[in-house]
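Both of the next two complexes hold chain A, though its partner changes from chain B to chain C.
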Partner chain A sequence: MSAPLLDIQGLNIAMRLARGGRLPIVNDLSLTLQAGDTVGIVGESGSGKSLLSLAVMGLLPPAAVVSGRILFEGRDLLSLDDDGMSEIRGRRIGMIFQEPMTALNPAMTVGDQIAEGLVRHEKLSWNAARDRAVELLDRVRIPDPKARASAYPHQMSGGQRQRVGIAIAVAMRPALMIADEPTTALDVTVQAEVLEILDDLCQRESMALMLISHDLGVIARMCARTLVLYAGRRMEEGATRAVLTGPLNPYTKGLLRAVPRRRADDGPLETIPGSVPGFARLPAGCVFSDRCLDVVAACQAGEPAWTSPLPGRGVRCIRAGEEVSA
Partner chain B sequence: MKTPLIDIRRLTRDYAGGGLFAKPSLTRALDDLTMTVEAGTIHGIVGESGCGKSTLARILMALDKPTSGDVLFDGEPLFQLSPKDLMRKRRDFQMVFQDPFGSLDPRQRVARIVAEPLHVLEVKPSRQEKRDRVMALLEAVGLTAAQADRFPHEFSGGQRQRIAIARALITEPKLVVADEAVSALDLSVQAQVLNLITRLKRERGVTFLFITHNLAVVDAVADQVGVMYRGRLVESGPARAVFERPLHPYTQVLAEAEPSVTKFGRPPRAEPKTSQPLKAEPGQGCAFLPRCRLASPRCASEVPALRSVLPGRQAACHHAETMLAEEP
Partner chain C sequence: MTALLLRRSASLFLTLLAVSGLIFLVMQVLPGDPAAIMLGTSASADTLAALRQELGLDQPMLVRYLQWIGGLASGDLGTSITYGVPVAGLIGERLAVTLPLAFIAILLSVAIALPLGVLSAAKRNGPVDYIAGFVSQLFIAVPGFWVGLLLALVFAVKLGVMPSGGFPGWQAGFGPALQALVLPAIALALQQAGVLTRVTRSAVAEVLGEDFVRTARAKGLPKRVTLWRHAVRNALVPVVTILGLQFTFLIAGAVLIENVFNLPGLGRLAYQALTQRDLVVMQDVVMFFAGLVILVNFLVDMSYLILDPRLREASR
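What follows is the complex of A and B.
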């Protein structure tokens, strides 16, 4: 097998605190992506999913302390200097953000914002780059792309702005696209269109996709594999269909039960008790043990190891074995 | 027949647009909207951004006035009341907003935030009475009395939304308008807040107008639902029936576009339209026409009125019967 496109091994991210000391956030995170892979990162607020994407982009805040490895196309991103990282960022790794209005420059036409990267990285002339920008706007299905290239972000709808964001991110034909909640701010019908555009681009360019979302439905639509994060830990990983139809970790099970749906008996909706703890107040042992319905005394004794009870599946739960044999 | 709690009659709201140098234009945010909300129910309103659902909320809260039409609240026309009477009426309707971080004053303690709406009451409760009511409500929404003296930043998103709900309930309102009240919450706490809303309806008889773009959420808690498109109500009926069997093509489009944990991979592509899309003249015909799979020439010339298609079910579509005849 060829070397993976992205190989994250034993990633730890901690934040340096102003009053001294460090607060660990991401713990022992490993993830491998081959070219063309689509993986969904599921997590609620405070799961560390956005820090993970920032780490891959080399955009962690200065207070972050990182250890582990992030190998991308064979190079360790964590040891690259700023110049080396900015060669990769935007060019080999594209990124789409949640809020297209704040991610775009309000004082520059969208055509120029798409062309900018082409001028910088591919050394195209501004004229040639602007022509490419129009092609790209057409690819993300903006009607009348030639005229729209000279529009400013505020003149576009949210869905159109997010398409511009995608056009900017794919302009350089990146090998990996990181999309952090790309459709959360959009209406469902617009969301469906944006997801389809993204899906087309992945397939046509065999671009790998790391999609970060709290919406399990969006992950089911887009990703072949899913990684579930909670409080900075991997809780479960596997093929999306397998994880969503046969979850092994109680947290994944709880999330799936909490998806709102009408109850036949009009009884209350199922919930996960409590709320996501802050990183400073994690329970002892398994980080989910204070909310887990299947908790036993041993859960609090120590943090469960990452195990692989089934081929292609990974899980962090001492009781996952019972689940598999049942 | 019982008087509905809210009786919205031919509500229209135009906003003047156009810049300093641009041609003045009118945007019709609400277009001849008629609907009723029964007391003690959860009434969902769904639709995409720009459909007028937030304008509707603002008008029901009497924060904005309609261009024409009126709202009968408990039988009284809201926009014909004197300012003093309107002020008195305000205790009967309260609102919960989307953003639990922006809607609570960060410099006030929870007890004070929750007690704030009491200033509209004619007879102001005593300090002790105020405090008792705040404590009772905090407990009713699943918080503890000990948390009353904390500040908003000490709470998680779900807890803040509970505080906002407690604040909305302090005047014992008949109606609470919840505009995307659970959209910003994590999945694991979203269901907790939805259960709270259902419980408040059942135990206190509070009526909720639940505005959201998330059909699954409405389907899970609402008794009735109204679907809005471009300022008009295009479908209404019992939530379960509407989502099981939409009578308006737009409702169907919304339901099919919604991602689900049971739909994996790329959805089957809709059959491409062969004919040239029909276009309605401005001001004529159905607003949904350019996106509609059932579009016919009649739709381009005649605005479909909201009409009863089945008992309790209304749709504003010339082809509602076609929808009804199709295999579900």
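What follows is the complex of A and C.
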């Protein structure tokens, strides 16, 4: 197998606190993506998903302290300065953001916002780049793209704006696309179409996709592989179908139970008891132990190691072995 | 957009009318009879009455008001009591000094404040930010006329490289005329620059935290391009607003500074008219200043439509 496209090794992200000290958020995170791979990263809000994507983009807030390695096309992104990162951002790694309402510049036409990256990276003239922007708008299925290119973001609906966001991200045909909750802010009817456009473009351009979502349905639809995060730690990883049909970690099971579905008995919606604890108040041992339904005394003794009880699967739970043999 | 323009023009007109009424009323309650001041204390009651009649002071208030604004509308501002010449010509003459002075001062304050404010916002809590913060506080705290005196002392009296005051007139050539305006313009500009730096810094800092700035960075734009093309562009509305509001202070400052530097501008004209009880000139100059301020704020409102495309729709 050739060298992976993205190889994250032992990534730790901590936030420097105003009153001194550091608060660790992401801990010992590793993840490998081959070219064209699609991986979904799932977890509740506050699980460190977004920080992970910003770390790959080199756009972490100044208060963040990072260690570990993020190898992309063989280069360690964490060792690059901002100029070096600017060469990769947009050109080799594209990113789609969560809020289409605020992610576009209100004072610039959408055509220019798409063209901008092309002017910067492909050294096109503004006119040539604007023509390309019209083509890109057409590819994300904006009707009448020539006229819409000179529209401002506020003249578009949320779904259209998110499609502009996609057009910006795919403009330079990056090798890796990071989408951070790309459909969370959209109406359900619009979600499906935006996902289809994204899926279609990723396949046609053979882009690898790192999709961040709290929505298991979106992940199941878009991603071959799934990584489950909780409190900045990997809880489980594997082929999406395998993880969703045979979860090994009680946290993944809880997430699956909490997916609303139509049922005959019309019972109350399942939830995971409690909420994600603040990073400053994590329980001893396994970080999920205070909410886990299968907790035993040994869970609090120490943080469980990352193990691979089945080929292609990874899990962080001391009781995962029982699950496999059962 | 044209509808908005019409609506704003109508309100501009009504504001001017209201202001003219207010100015007229204030002039009426000001102590001192212009006729008595012109003639001195030894004048007889008959000559006083004759002069009052000649000046129209014996007419009812409403008639005098209507005569005044009727004159304003037709460009006849009356005749100065002390100078004995038409006030319109007087204002025009003085405007040739005050307008360039104000223009240079605004230009100067923007040239100082914009880069300083943007740089402070981009490098928040860095050394540049602290120095800029200190400098702008200093600019705000020190009165303009004192800065003017200091500048005159250093550059005119001690170094002798600049004129200490007076104005040679534009007919003396562009160079000497401009030179006479440089020191007063600096004195006027510093306080404005101080306020504007603070506003620019906070406006740009706020925009830098917006999602679209992150989108711009994610495209691979360098920090510098992101800062100017995306952040500063979207921070201009509050900056222009403050610039418009400060115009009032600029006019007030000009009255002082023109007296410090002995410049024959509108501010000095207003001051002289006040000390000599030339109510006709006073009334016209104050009205002119008020009109100027209202006009500037109208232009600021209109500039929002250029600066923020969202307002173009909202205003339809």
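Definition applied: the second predicted complex is superposed on the first by the 320 of 326 C-alpha atoms of A that agree within 3 Å, B and C clash if a C-alpha of one lies under 4 Å from a C-alpha of the other, contacts with A are read in each partner's own complex, and residues count from 1 in each chain.
The rule is short, and it goes like this: contacts are C-beta pairs under 8 Å (C-beta built on N, C-alpha and C of every residue); 3 or more make two chains touch, one makes a residue touch a chain.
In this text the structure is predicted, and so the values were computed from the model without any measurement.
When the two complexes are overlaid on their common chain A, residue A:T189 makes contact with chain B while staying clear of chain C.
After overlaying the two complexes on the shared chain, residue contacts for A:G217 are found with chain B alone; chain C is out of touch.
When the two structures are aligned on the shared chain, A:R91 is found in touch with chain C, with no touch to chain B.
In the superposed pair of complexes, A:A128 makes contact with neither chain B nor chain C.
Interface residues of chain C, counted against chain A in their complex, comprise 210-212, 214-223, 225, 229-230, 233-234, 307-310, 313. Residues of chain B that touch chain A in their complex: 48-49, 156-159, 186-192, 194-195, 198-199, 213-217, 219-221, 239-240, 253-254, 257-267. Residues of chain A touching chain B in their complex: 44-45, 158, 187-192, 195-196, 199, 214-218, 220-221, 240-241, 244, 254-256, 258-263, 268-272, 275-276, 291. Note for the complex: chain A touches chain C at residues 57, 59, 82-83, 86-91, 94-95, 97, 99, 102-108, 113, 116-117, 120-121, 152, 154-155, 165, 168-169, 172.
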